[in-house]
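Two complexes follow with chain A in common, the first pairing it with chain B and the second with chain C.
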Partner chain A sequence: MNHFFLAILIIASGGALTLILQKQFTFMKAVGVLGISTGCLIGLIDALFKLFNPVSHHLSFNYLNSLSLTFQIDGLSAFFLVAIFAVSLLASIFSFHYMSKPEKSLRTAVNYLFFSLLIASMALVVTASNILAFMLSWEIMSLSSFFLVIYDYQSPENRRAGYLYFIFSHVGAMFIFAAFGLIYGYTGSLGFNITAEIPETVKILVFIFSFIGFGSKAGVFPFHIWLPHAHPAAPSHISAVMSGVMIKTGIYGILRIYTLLDLSTPLFGQIVVIAGMVSGILGIVYALGQNDLKRLLAYCSVENIGIILIGLGIGMIGVSSGNPSMAVLGFTGGLLHVLNHSIFKSLLFMGAGIVIQKTGSRSINVLGGLLKSMKITGTTFIIGSIAISGLPPFNGFVSEFFIYLGGFQGVALDKASFVLSILAIVSLAVIGGLALACFTKVVGVAFQGEPRSNAAADVDEKGPSMLLPLIILSGACLVIGVLPGVFINMAVNALSSVGLAFTPDTIEPFTKITGNISMAALIFFIFLLSVLALRTILYKGKTISRSGTWGCGFTQPTVKMQYTGTSYASFILEFFKPIAPNHEVLKSVQGRFPEKTKYSSRINDIAELHMENVIVRPVLWLFDKLRWIQHGDIHLYIGYILLAIIVLLFFV
Partner chain B sequence: MIHPVDTLLSLVLLSILFSFGSSRLPGLIKALAFQGIIVSVVPLFIGHGVTGEGVLFTSVTLIIRGIAIPLCIYLAIKKVGIKREVEPIIGYNASMLIGLFLILASIFAGKKFNINAIGDVSLLVPTAITVLIGGIYLLIARRNAIAMVLGYIMMENGIYLVGTSFSVRVRHIVEFGILLDVLAGVMIMAVILQNIKQEFDDVDTALLRTLKE
Partner chain C sequence: MIKSIILWALAILLAPFFSAVILKVKAFFGGRKGSPLLINYYTLIKLFKKGSVYSTSTTPVFKMGPIVSMAASAIILLFIPIAGQNPVISFNGDIIFILYLLGLARFFTIAAAMDTASPFEGMGAAREAYFPIICEATMFMILILFYRLSGELTLSAYLSGDQPLSLWHGAGSPLLFVIFALFIVLLTENSRVPVDDPATHLELTMIHEVMVLDHSGPDLGLIELGSFCKLFFYSTFIAGLISPFDLGHPLMNAALFGAALFVIYISVGITESVMARYRMDRVPKFVLTSFALALFATIITLEFMK
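Right, the complex of A and B next:
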């Protein structure tokens, strides 16, 4: 436990030191990065050690005698700590060359401070073992990430994104407060250990409240609205941390509440699976419709949260229907996907960060041909894309395959579970296919073809600290994909500490199958590479003529002859029109001498549309009617205070 | 038998009525200074007997509360040339009447609070409440900013009396905490008043209405 707090202390002091040193820009960055990454490294080693030596470690602080903050590291916490520290470590290294504007020195320092606070608070969230400690760390996490989102506060769009995030995180926190309030009301204890004693009906309420609260942090549809706004607004290494691990604290919360409540009804598993399917499919459909690189990745996080929830839900159904191998496969798959997603999503966000920094544009429709000039970024981005689409031999395949296997176990069950299992399998397949379409779109449009603008034409990829994390992360994708055994053991250890790994032995054959498939895919890749190598050798010394990609024999090809992101996705999106309405603006060509015409399209998020119509408008209307209360007369304001005091004194 | 402190407290009650009825700032300031002096003397006579420490604290409190703050405000209005009228929203006669009702209500409420009055000082809690609410009343019913500051100080006197009725031992700590608060508060108000004066050429707080969104 002491190593853990040492790590937190080093991280926080690294962040705080940057404020003092903000006059020397490079030195300040070095101190910040060094402090944060050292702390993360210590934390990572400590968490790995604890994960493989499963003993729970306690620590408590007493504050004002009555209020105690207690922390505890068990296997589940250690598993999340591994993801948190690993991704934060690489993100902080990435930030060294990414934060490259000396004129924004103070702002960069503040960014490092809040970054360190975010890492520390995330680590505390997953280790907190009573209500107070949890809510305190949760709020620090929400607030520090809010300040990170409004890093570029001069743009009104970013301020709006920050505001939206602020509202969502606090409405979510309110629901969590309500859930914890119910727990406290029935147990009379701030600790989490006797939560299972509350009555069954209250448990349902607690679970639903906390599901909404944690779901809004995790980005479960329809509480995901802040996500595609806030993630693009933040600097890329922050997006990587937020999307890679911060939203996973929501998953942690759901899983933790589930284990604490010790639920037996199948209802919860069903809720979670359905929520997972909806956010998975809708998330990836909206991702497909985006042309802003980071917005696309943010929607893709919604999709992956969906996959994780499907896994957890299958596990829950397995528990309630007494099918241990279904339970263990679902939970292991879901939990492993948490780790996997944090790896490839931070890889993709950092890759996107390099692209955005070098080209200055977030829209993939003005990029193109980047693979030629940014070899490492391009290659690692492709690896991340294959992994996120759930294809072997990378890590996304392993976890998704486990969830599939869990789903197939559920086919043998009774009616409701049968239907849900089938639906889960089908939607996983749909999600996988759409994810592949989505990432072929990104890779094809942004990294291949010809540059569509001057900004995309002359780029380089200087900045070794930005490339190193990409290489490490893509290496991790491959290692987990090819050797899944160790990592599955990690997830099983995490689950057994909270009593969810019923028969870990049953998982052995499945691990083997997964490893074999990955290995076969790897052999295929190696074969492909050796063919390429052979080709290079054979063609040595011969002249090879090169022409533009998609040249197709045209004598005067232009870059406009390529597919754009919009046109590539439009065939698929046409099918999903009811849930992803396409808002098109087209001035059609008229007359013999037509004017210059324009076309623009935007895929609308139905959750966002309906939130505006159903919640925002009525609330605004109501508060507009109450405007007379704010009349500007200071005397009446004091009168309000007096009235409130009197009412409180006599009626409460 | 009437406790001697009760006599002092009845003077406080009279000072409230006087402040409700006074139309000029100097009069109001004098009433407040008088009230401050009595309020700071009260704790000396209740609780444990007169000690050297107690006398020291009382005299410091008395100097700040009864002399320093009122004097500062008095000098300030002379210097800045603020209107002498308190500009009431609710008239003086009506205010007096409200003050009387306030005293009655406070006696009624004081019983409900069930605070064990120290010794047999039966007026302590009602007076404390009256001073507190009276201060808020001045804040509400007077437009002149200085009068509002005075209302705030009166409120603070009330808080001090409430503190007196709650505890005897830790009173000084509480009191100095509050005094520090008040000093900071008065300073902030001075700055704000100067700004209002510069902006609107007057310290009539009704003008703040124009700042409304």
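Right, the complex of A and C next:
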């Protein structure tokens, strides 16, 4: 446990030092990066060690002499710590060349401070073992990430994004408070361990409250609205951390509450699977509709949270229907997908960061041909795209494979579980197909073809500290995809520490599954190399020439004729019109001397579209009616406080 | 094992021949003599002898397209039982791996098409990205039914030995729906009429053909061979289901299986001869029919089983 706090201390002091050193820009960055990455490295090694030597570690502090803050690292915490520290480590290295504006020195220093606070608070969230410690870390995490989102506060769009995020994270926190309040009300203890005394109906209520609260942090549909606004606003390495690991603390919360409540009603699993399917399909449909690179990736996080929830939900259904192999397959797949998503999503966000920094544009429709000028970025981005589409031989396939196997176990069950398993399998298949469409769109439009603007034509990819994390992350995608055994063990260790992995003999077949995946990957590579060899033989001594693309007889093609992201996606989006309405603005050509005309289109998010009518307006109306309470008279305000205390005294 | 490997090699060698059967049937309906049954071999040899011209817009990804799609097509044939024999490799969940491997091949085919900066190829790519989504949903629906019937998740548990017969016993006539759904998936995945027209010369109306416009020489040869193998894979799947009988002797089984294969390839030929290609926006509805059929079959079967 001491190593863990040492890591936190180093990370935080690295961030704090930047404020003092902000006069020397490069030195300040070096100190910040060095502090944060050293701390993360220590934390990472410590977490890995604890994951493979499953012993619980406790520590408690006294706060104000009466309230205690306790922390504990068990397998589940250690698993999330691995993801948090690994991604933060690479993100901080990435930031060295990414934060490249000496004129914004102070702002960069503040950014490093909040970045370090965010990492530290995420680590504390997943290790907190009582309500106070948890909520304290949770709030620090929300606030520090809020300040990171409004890094570029001069743009009104970013301020709006920050505001939206602020509201969502606090309404979410309110729900979590309510859930914890219910627990405290029945157990009278701040600890995270005694829940036996709570009646069943209250347990269900606690689960629903905490699902809404944690779901709004994780980005579960329809509580995801803040996500596509906030993630693009932050600098790219922050987006990588937020999307890669911060939203996973929501998943951690759901899983932790589930294991705490220890109630095997099928309802939990059903809620989680349905939420997962909805988030998954809608998330990827909206992602497909975006042309802003970072917004697209943010929506894609909603989709991946959906896949994770489908996995966890299948696991929960397995528990409630007494099918241990279904439970273990679902939970393991879901948990491994947490790790996988944190790897490829941070890879993609950092890749997007380089593209945005070098071209100055976030819209893929003005990019193109970047693979030729940015070879490493492009290649790693393609690897990340294949991995996130869940295709072999990369890591996304492994976790989805486990979830599929879990889902098929559920097909043998009855009634509701059977129907949900069918739906889960089919929606996973549809999500996979749509993800492929979405990422071939990004790769094809942004990285391939010809540059659509001057900004995309003249670029380089200088900045070794930005490329190194990309290479490491894409290597990790391949390693997990080819040799999943160790990583599956990590997930199983995490689960057995909270009593979800059952007996060793239910885990035994897993070595076989991972062995099969490795074998399949090996076969793939053997065939790939053989075909490559065949191709080399066939081309031996042949004339190979270069010429323009065949334009079907048309001799004057321009780069503007290329398919854009909008046109690529429009055919599929047509099918999803009811859930993804296309808002088009077209001034039609009229008269003999038509004016200049323009066209724009936007895929609307139905949750965002209806939020205003269903929630914002009624709430505003209600608060408008209550406005008389706020009158500015300080005496009466003190009166309110006294009154509130007296009323409370009657109840306590 | 040796027998399975020989069958696998035979499958790759014979796949071009069977595809030529379709051409022959189309020629028959058109009142022509048609090209010889070995035409595809001549084409492949011709292509393999040539050199290549690459577009200046392309990157190495363009060359990866044919390699990955050929490798994937050869691998999926390893997993499918041919003529009731056990496949070369088989493991729990292999069918999921196969479907996702085809996804990988699709990823690279699309990426290769987008690499050329040609608007036509982008158009084809967008369509290629769309229709297989529905096909995958259908395939998984069929898998759910088969899993429910056999309790296994491997192709060999559905198609090897007398397994197809037990599927027929379990499902009965609803299995006809499944076969029809699989036939639709075959037509879609392999870009046949009424989804796509492999013979057309108007780029705007094509899907798969337009995506490979810029490939030439051995690259194009690999793509062609890969698509013959892929068609053979789907045909084998259906042939296994429509010839469920075990005649006792491997040669007899092989003959029966060959006959079933001919039936499927001839059906594809007849479909192409008597139907026109659907308008592009009608295609999704046609493909969705396959999903509806598979769902229907599952519901009926489960009702029978109760």
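In the analysis below, the second predicted complex is superposed on the first by the 561 of 652 C-alpha atoms of A that agree within 3 Å, B and C clash if a C-alpha of one lies under 4 Å from a C-alpha of the other, contacts with A are read in each partner's own complex, and residues count from 1 in each chain.
Here, contacts are C-beta pairs under 8 Å (C-beta built on N, C-alpha and C of every residue); 3 or more make two chains touch, one makes a residue touch a chain.
Note that the structure is a prediction, hence the values are computed from the model and not measured.
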- In the superposed arrangement, does A:Y563 touch chain B (first), chain C (second), both or neither? second
- Query: Which of the two partners, first being chain B and second being chain C, lies in contact with A:M28: first, second, both, or neither?
  - Reply: neither
- Task: Classify the contacts of A:I641 with the two partner chains as first (chain B alone), second (chain C alone), both, or neither.
- Result: first
- Query: In the superposed arrangement, does chain B or chain C reach more residues of chain A?
  - Reply: C
- Query: Which partner does A:G433 contact after superposing on A: first (chain B), second (chain C), both, neither?
  - Reply: second
- Query: So, A:I310: does it touch chain B (first), chain C (second), both, or neither?
  - Reply: neither
- Message: Just checking: does A:I480 make contact with chain B only, chain C only, both, or neither of them? Give me first, second, both or neither.
- Response: neither
- Query: Where does A:A491 make contact in the superposed view: on chain B (first), on chain C (second), on both, or on neither?
  - Reply: neither
- Item | Set intersection of chain A contacts, chain C complex versus chain B complex | none
- Item | Footprint of chain A on chain B - complex, ascending | 89, 109, 133, 136-137, 139-141, 143, 205-206, 208-213
- What residues on chain A touch chain C, complex-wise? 368-369, 371-372, 378, 382, 385-386, 389-392, 397, 400-401, 404-405, 408, 411-412, 422, 425-426, 428-430, 432-434, 436-437, 439-441, 443-445, 448-450, 512-513, 516-517, 519-520, 523-524, 527-528, 530-532, 534-535, 538-539, 542-552, 557, 559, 561-563, 567-572, 574-575
- Item | Complex contacts: residues of chain A adjacent to chain B | 630-636, 638-639, 641-642, 645, 649-650
- Given the complex, residues on chain C that touch chain A span 48, 50-59, 61, 63, 66-68, 70-72, 74-75, 78, 89, 91-94, 96-97, 99-101, 103-104, 106-107, 110-111, 113-120, 122-123, 125-127, 129-130, 132-134, 136-137, 139-141, 143-144, 147-148, 151, 153, 203, 213-214, 217-219, 221-222, 280-281, 284, 298
